[in-house]
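Letters are used for the chains, namely A, B, C, D and E, taken in the order the chains are written, and counting of residues starts over at 1 for each.
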Amino acid sequence: MIALTALTELTLSRHNPLVDPHLHIWEWQIPVYLFFGGLVAGLMIIAGVRLIALRPQQREALVCCTIGPLMGLAFLSLGMFTLFLDLSHRLYVWRLYTTFQITSPMSWGSWILLLVYPALSANALAHLPEAVPSLARRFPILVTVSDAILARVQWVVGIGVANVMVGIALGIYTGILLGTLGARPLWNSAILGPLFLFSGLSTATALLHGILVVTTPDEERPAFADFLLSALAQLTQARPLDKNIAPVLARADNSFLTIELTLIGLFLLGQMTSTGIHQQAASLLLTGPFAAVFWVFVIGLGILLPLVLQSLELNNRIRHTIAPVILVLFGGIALRFILVYAGQQSHWFQPLN
Amino acid sequence: MSCEERVGSSDLHHSAGPTGSLKYRKKRVATVMNLSRRRFLQISAGTVAGLSAVDLTRRVVSAAGKDAQSGLKRIPTFCNVCFWQCGAIASVRDGKLWKIEGHPRDPLSRGRLCPRGSGGIDAHTDPDRLRTPLIRVSERGEEKWKAVTWDEALSFIAEKMQKIKAEYGPESVAAFIHGLGGKFFKHTLRAYGTDNIAAPSFAQCRGPRDVGFTLTYGDDAGSLERTDIENAQCLVLIGTHLGENMHNSQVQEFANAVGKGASIIVADPRFSVAASKARFYLPIKPGTDIALLLAWMNVIVGEKLYDKEYIDKYGFGFEQFVAEIQSYTPEWAYPETGIEPETIRATAREMARYRPATLIHPGRHASWYGDDAQRSRAIALLNALMGSWGRKGGLYVPASMELPDYPHPPYPPAGKATADNPNDRYPFADEVISTGIRDATISGKPYPVKGWLVYSTNLMYSLPNREETIRAIQQLDLLVVVDVLPSEIAGWADVVLPESNYLERYDDLHIEAFREPFITLRQPVVEPPDDQKPNWWIAKKLAEKLGLGAYYPWNDIEQYLDARLKGGGYSLEDLKREGVIVGKRPPIYFEDGAPAVFNTPSKKIEFYSTQLKQAGFDPVPRYTRPEPGPAGFYRLLFGRAPMHSFSRTQTNHLLMDLMSENAVWVNATEAARLGLKNGDYVRLRNQDGAVSDRIRVKATERIRPECVYMVHGFGHTSRELRFAFRKGASDSQLITRYKTDPLMGGTGVNVNFVTIETEA
Amino acid sequence: MNNVEHSAKPYWNPYLSGFGLGLVLLASFVIMGRGLGASGAINAFVATAMHQLAPDHVEKSAYYAEYLGDGVHSPLKDWLVFEVLGVFVGGFLSGVLANRLKFRVEKGPRMTNPLRLLFAFIGGALMIIGARLALGCTSGQALTGGSLLNVGSWIFMMCVFGGAYAVAYFFRKQWI
Amino acid sequence: MNAPFYKFGLFGDEASLIIAFVIGIGFGFFLERAGFGSGRKLAAQFYFRDLSVLKVMFTAIITAMTGLYLLSRLGFVDLSLVYLVPTFVVPQIVGGLLLGIGFVIGGYCPGTSCVSSVTGSIDGMVYVAGMIVGLAGFAEVYPSMQSYVQMTPMGQITLARLFNLPYGLLVFAVVLMALAAFAAAEWAEKKVTGTSPDPKGSITGGPWRMTPVRILATGLAAAGFVALIAGDPYRGSHASIDTRDLAIRVGKGVDKVQAAQLADWIIQGRNDFKLVDLRSERDFDAYHIPTAQDLPLASLTPDFAAHNDRIILYSGDGTEAAQAWFLLEAQGFKNVYLLDGGLRAWQTIVLFPQKSAGTDPAVFEKQVEVAKYFGGAPREEGTSPAASVAVALPKLAAPAQPLIPAGNSSNTQPKKKKEGC
Amino acid sequence: MSRFAMVIDTRRCVGCHDCVVACKTENGVPEGYCRDWITEEVHGAFPTVQLEIRSERCNHCDNPPCVSCCPTGASHVHERGGVVLVTHDKCIGCKACLAACPYDARFIHPDGYADKCTFCIHRVEKGLDPACVSVCPTHCMHFGDIDDPQSEVSLLLHSRPHHVLIPDAGTKPCIFYLT
């Protein structure tokens, strides 16, 4: 006989759209936004570090220092657009910027997002003439600005530090946004902040690595990238890039992936050793309805496989291809999709079926 | 499971919704109306446009956040979503119905309605309702019609009726009528010369109970039951699911009893809502109630726990009764009912502890297993042992207002006896047996029945075995259906007459016996949206077409009502304003001086019934074991949900929002064994191969493993009921068998068994 | 990326790779109680894609009903879909390790690219219809059923080779 | 340990998807290794230039076949639980022919096209697109063909059952056939291409030394030979039981249901168990416990109930029930119980209870009524139990028969998951 | 200060849904949505079953996570009685409050803003009970100020055992269920 206290049925007559039978308020827009947010955070940090680390006259590694920030601006706009798409009362979006709500991560985030634009733009401007000479020829002012920035070390360092700081804030914010929603036990972990930060870093590194592979001059480009992507490479009109940086990026990416894996482990460990509600939430990923996609897409395809491939690349066993890049980017999206979707299904009241 | 489970759709319209939702509602109305143009004709585009414009302006007004209080009117009336007819006050804001609340001075509602009453506003604009009289143009049941004027429709009916009268006699027209609104149709038909006027609420619902009580006390339990639940200290419910059955006053009293800590005993194969409030829950095997009742009485008699003084004073045949029940020990009842002997003893003692404030509730819907009149008699006897009839906390003596009827010429002398009960096959049937009329229609015996008038009862849901109903319909020369909605039975009609909604018309006064005498008035709150007419108008016009105009010596209903009220010293003007007149409460308990009159042959409470003995039945109830179902089958049980009335509320968007389809309750262990999960769709197939529509599984710990349960009224097959069409499944579809009560012709329907088939 | 050999490594010996394949199949039998497959995944994919594009049409179709199931679980959450996903990954791993990744069109020297692609398309369409009729393709029927001594599989296998050899002559230009 | 693991519930559906992924990786890896990412190499099969397809396929088939055979024969795998695609002769002939033609035209089969496209073959990608479009088209004409695709069904049937030959013999025959085919293939390749096969990689070519390939071939041949003499791999004739576990359960008595308890369950209307009468049909007709189903021991097959059903067995004195209990335990039924004391206990305890000195009169009265309910009666005090056996069992009313054909109830089976390709 | 609260007697409640209908008509809640609902919780196995029926809605928490996560201040605590309300034209529809509410009491109104129970503040300010309370045929619902020790709700809470929903979520709900 089951103990009298065992909850055997829970029936709710509520049937509100987006809320029942379980919360499904956030569709693809939010995970995509979180992905772009993380990616931009990663790009900012990498670009910022490079900016600080490089002496101004050493105008190399533009992938990180210019293309990164430029793409960051684009991705940020895309991300904010998907966020906008998610809003259900869109015409009132300006209300975000009429107030600052100190307890609301989303309010913090909306202001951080505003800081990202100037930081990224300054970063991009610093090396823009080298990255896109044709543009510089047409608008000489860009050269002036670039020279003005690069001439002052404190400016360069300032921009770099700003990029790193805002990037870290942005990356952590994308995780904390979910982490503070205590009503959804799966999300209720501060580890989501660093996890999304490092996931963002790994996707950003992978993206830069991918650009590097694609833009490598024709003869050195791996055959695999030949077919369609060479055309793309032409379009970038980039100067030959320092190919030594590719292994650095791959190595960095491997580190970030390893940290990400560790953080996922810690995250699940924390959940599994917490209350029954949290254990139930974690089991959504470990054995429940999201287990297959979690293990296969996030862990297998998104982290382990690129780790293996990049290790092989680093050991010169195989060529650098864009395959690990695609996998890491894909894994980054998958992680956010799964966490967003599984989190919405986790609940304090787990109705039995 | 309570009464009139099986009554048809009527009076169910959605009126203008609440302010904020009008925008959404408007859209729906417009689209549906487009669709409806194909079938139900004559919808003027102007109506739609007009409605929309009003909606729009109101939307603007309400968005501004200010209620124009000046535009608020509060009109008293009484509800008709179920037959309980609670007094209500409708609020009309800017000419639109806004909400309905209980009438604070009405003794039935005591200021509070049930969800169906509150949701009654979502009528009026119901896109599915009937709009204009219709005459069939193709095969019966094909639902093809032409729209006609009222004059054409009524002339058509009158002509056919005259023809039937000439050919077969007036008795060959029969009627099935439910509710207060049928009064004028009865009047017209009596004037025409037939007494074959049946209500499914007798043979399919509360008839067995009333016969069982009348055999014992000479009076029945009443419609508005005379149960003093509020003052009961011990309340016994046997299959009665108060709370799910939402008869307002009873539920209010039930909640008060619970609040006061009354001891509640529930015997039900299903753990009902009432069971969750009970001190004792007895998970009884279906169909074995009499065994339990006999064992209880055995204990009470054996341990001399009964009210000796009361029985000495009022009882008849107690010694024979005692002798008869000697053998029904709790141990004997154990294998029959599955209730432990100790539990039976404990509950019997519990009842006795609180007597006479111990009420064994007579229930309402009581046509279950074919032995129902005897079952009700056993309940009546148990109440008698407790001395609760006529006592506080038991079954009180109700009182009623008296108003003279409007004078009319005498009805023509009775010709042939009614067709339903030839040779008094069911000697204790004291009303017309609806299934008997159906049998007579099919067989043509004792005489042919060629015309049916169906008012406000969906026979496809209210009579068991739809096939037989359809076969009877095929024998008819005329089938007239008066209804608010295009119900399933309307689909088979030759002529469909659209009645106006209960919020759009006057009806006769509501005068019922209750704790205190009262009169309530139904008056129009809003105008009917289309060419619908009130029942009194239709019945009067039909009488005039039949040349019986003399029976309606008044011009309109206000004149009729005013004249009746004047007869009691009241006026319509006052009642329109007040809505309710409550008289002084007379003594309703024996101890307060209420008369202890028993209209039985012995003029006493008959523990031993000589009437039954003479007719060849058991003078004291006996138990027969219910027949088991085939292996692997589940017994099909059905009942009610608080937010729906029978099959008549499934087009009410507000109520459907609360419960949009029914589910079949399956014991959780059984469900797991069958591989069924909560929410899976299944179909039920009964022992005769009838298959239900698809229905969701509710895998629950709240039901015995060998039966399944569903809420009655869903699974509509009438295409015109677009909003309700094929939502959930209908138990009526699966009730192909019934067992007739030999005493009074009631149809026991819990004798059907089903298997569960997974939906592909 | 400097010291990487640029030439593709040779294929494995057919018997040894066949043995490896056999062991994978055996593992599938032992762990799952079922064999391998491929075409079923395409079914699930097409059903999902069509359901996205034309939900009403698909919900009415008798064919898709089987794959859409109860509407609660995505047809993509299917054993074969995940298995085929693995096939992609395994093929890629093997290819990348053997340096065989290259955009190319497989054909004989006398064949033009567009024609070859057209043939590939037609072949694919024919193949999947055949697989659907036979309740399996070379993996699901021939390989799996073959090792279970399934009657239908052996009939099927004979017909595959029969059909292929019968028409091979007419398509020789494509391959040799 | 029982395999297939999935069918024995070692892991759930979600985990099975992860396993599918891993198995798929192996599948794809070996396909690519064999060169099946190349359409040209595959098509060469049909021009006798490179018979890799035949070699790989048949090596895989005989490896899996002999491996599965041996594991089943050792009792590790329950072969009956391995899914067998049902046979429909005509659709499979037509399908096979279409597939063969498609193979030559397209150059791939579905599995190899995946490998091909992922290694960069454009034609492989187009081929996949062709499959998708082809299938979408087929779905549209499917309704008109629905009856056709179910033609000539033979059910789930193996060659062994079709020809009524020992399974092992067929395994051996297939191994031999495959080896012969390999030799023929190598000969044909040599004929067509004019080059002699690589001695290290072939079975027939080169000097007669033990290369890995030859070791493999010998091993497979040996396994085939073992199969020839080792008998039928299907379970039933051979199963394993954890005797210690059984002993512990028997010792605890958790495998038994008391007669009085069973009577209560029947009265409570519980039907979460199957009551099985193992006596002969005649005995069953004469008397059986209400709600029981008749299943003489000889006709006991594992498909009479699901593995997770709760089953209560009884027979006259309990012997047959105990035997059946073992058989069912061995076949992996998890909830099998014995009616303690069999029908005899039912008789003495439930049907004809006897008042003993210590019995509470109220309890006894209940027993009496239960007895009456089941058609029995209390025994006089002092009558010996032996005498009671002589008391005739009550005559049962004709058991309630289903009013509709029993076939309908089969629909209550849980929905089967799609299997196959 | 006043603190509005609801005290609901689960012993009296029969789950009839009248509170839901009353709310929908009073507040014009659109079809397909609801601000309050009925929950049935079953414990145990047949026939030893316990059933608790509750009328549920926004708990107007003392520590409302929906208010603290709102980026625009649209979700706020009303100065009267601590009622949690949403200002429609400040709401951007980000749905964070829906995710933050452990009771799933909020929904997105078809007009785009987050919506939920208001304790019928428009009625309460006129001295009336909320619509759901005023119609309940079983009189199982009580509304009042728990800061006033003499109020009906305070007296009930002092005299009867009660519980709140998901206390572990730390939201300090102000709807109390008498058991």
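To be clear about the criterion, a contact is a pair of C-beta atoms (placed from the backbone, for glycine too) under 8 Å apart; a residue touches a chain by one contact, two chains touch by 3 or more.
Note that this is a predicted model, so its numbers are computed, not measured.
Chemist: Looking at C-alpha means, what's the farthest chain from chain C?
Modeler: B
Chemist: As a test of understanding: of all chains, whose mean C-alpha position lies farthest from that of chain A?
Modeler: So the farthest one, by centre of C-alpha atoms, is B.
Chemist: Per-chain C-alpha centres versus the global one: which chain is nearest?
Modeler: The most central chain here turns out to be E.
Chemist: So which one's got more C-beta contacts, A-E or C-D?
Modeler: Of the two interfaces, A-E and C-D, more C-beta pairs touch across C-D.
Chemist: Determine the centre-to-centre distance between chain A and chain C, using the mean Cα coordinates as centres, and give it in whole Å.
Modeler: Distance between chain centres, rounded to whole Å: 35 Å.
Chemist: Centroid of chain C to centroid of chain E, CA atoms only: how many Å?
Modeler: 57
Chemist: Can you work out the whole-Å distance between the CA centroids of chain A and chain D?
Modeler: The computed centroid separation for chain A versus chain D comes out at 48 Å.
Chemist: Residues of chain D that contact two or more other chains, please.
Modeler: 17-18, 21, 120, 122, 415
Chemist: Chain C: which residues touch two or more other chains?
Modeler: Counting only residues that touch two or more other chains, chain C contributes 70, 77, 82, 85, 89, 92-93, 101-103.
Chemist: Among the residues of chain E, pick out those that touch two or more other chains and give their numbers.
Modeler: If we look for residues of chain E contacting two or more partner chains, we find 17, 20, 32, 34, 42, 44-45, 50.
Chemist: Going by the contact rule at the top, pick out the chain A residues touching chain B in the complex.
Modeler: Where chain A meets chain B, its residues are 8-9, 11, 13, 353.
Chemist: Please output the residues of chain B touching chain A within their complex, sorted ascending.
Modeler: 658-659, 668, 677-679, 698, 700-702
Chemist: Please output the residues of chain B touching chain E within their complex, sorted ascending.
Modeler: The touching residues are 17-22, 24-25, 28, 62, 98-99, 101-102, 112-115, 118-119, 121, 242-244, 246, 248, 251-252, 254-256, 258-259, 271, 273-277, 281, 283, 642-643, 653-655, 657-659, 667-669, 700-705.
Chemist: If we count contacts the way the header does, which residues on chain A are in touch with chain D in the complex?
Modeler: Per the stated touch rule, the residues are 224, 227, 287-289, 291-292, 295-296, 300.
Chemist: Can you check the complex and tell me which residues of chain D touch chain B?
Modeler: Answer in residue numbers: 267-272, 291, 293, 309, 362, 365-366, 368-370, 372-374, 399-404, 406, 408-409, 411-415.
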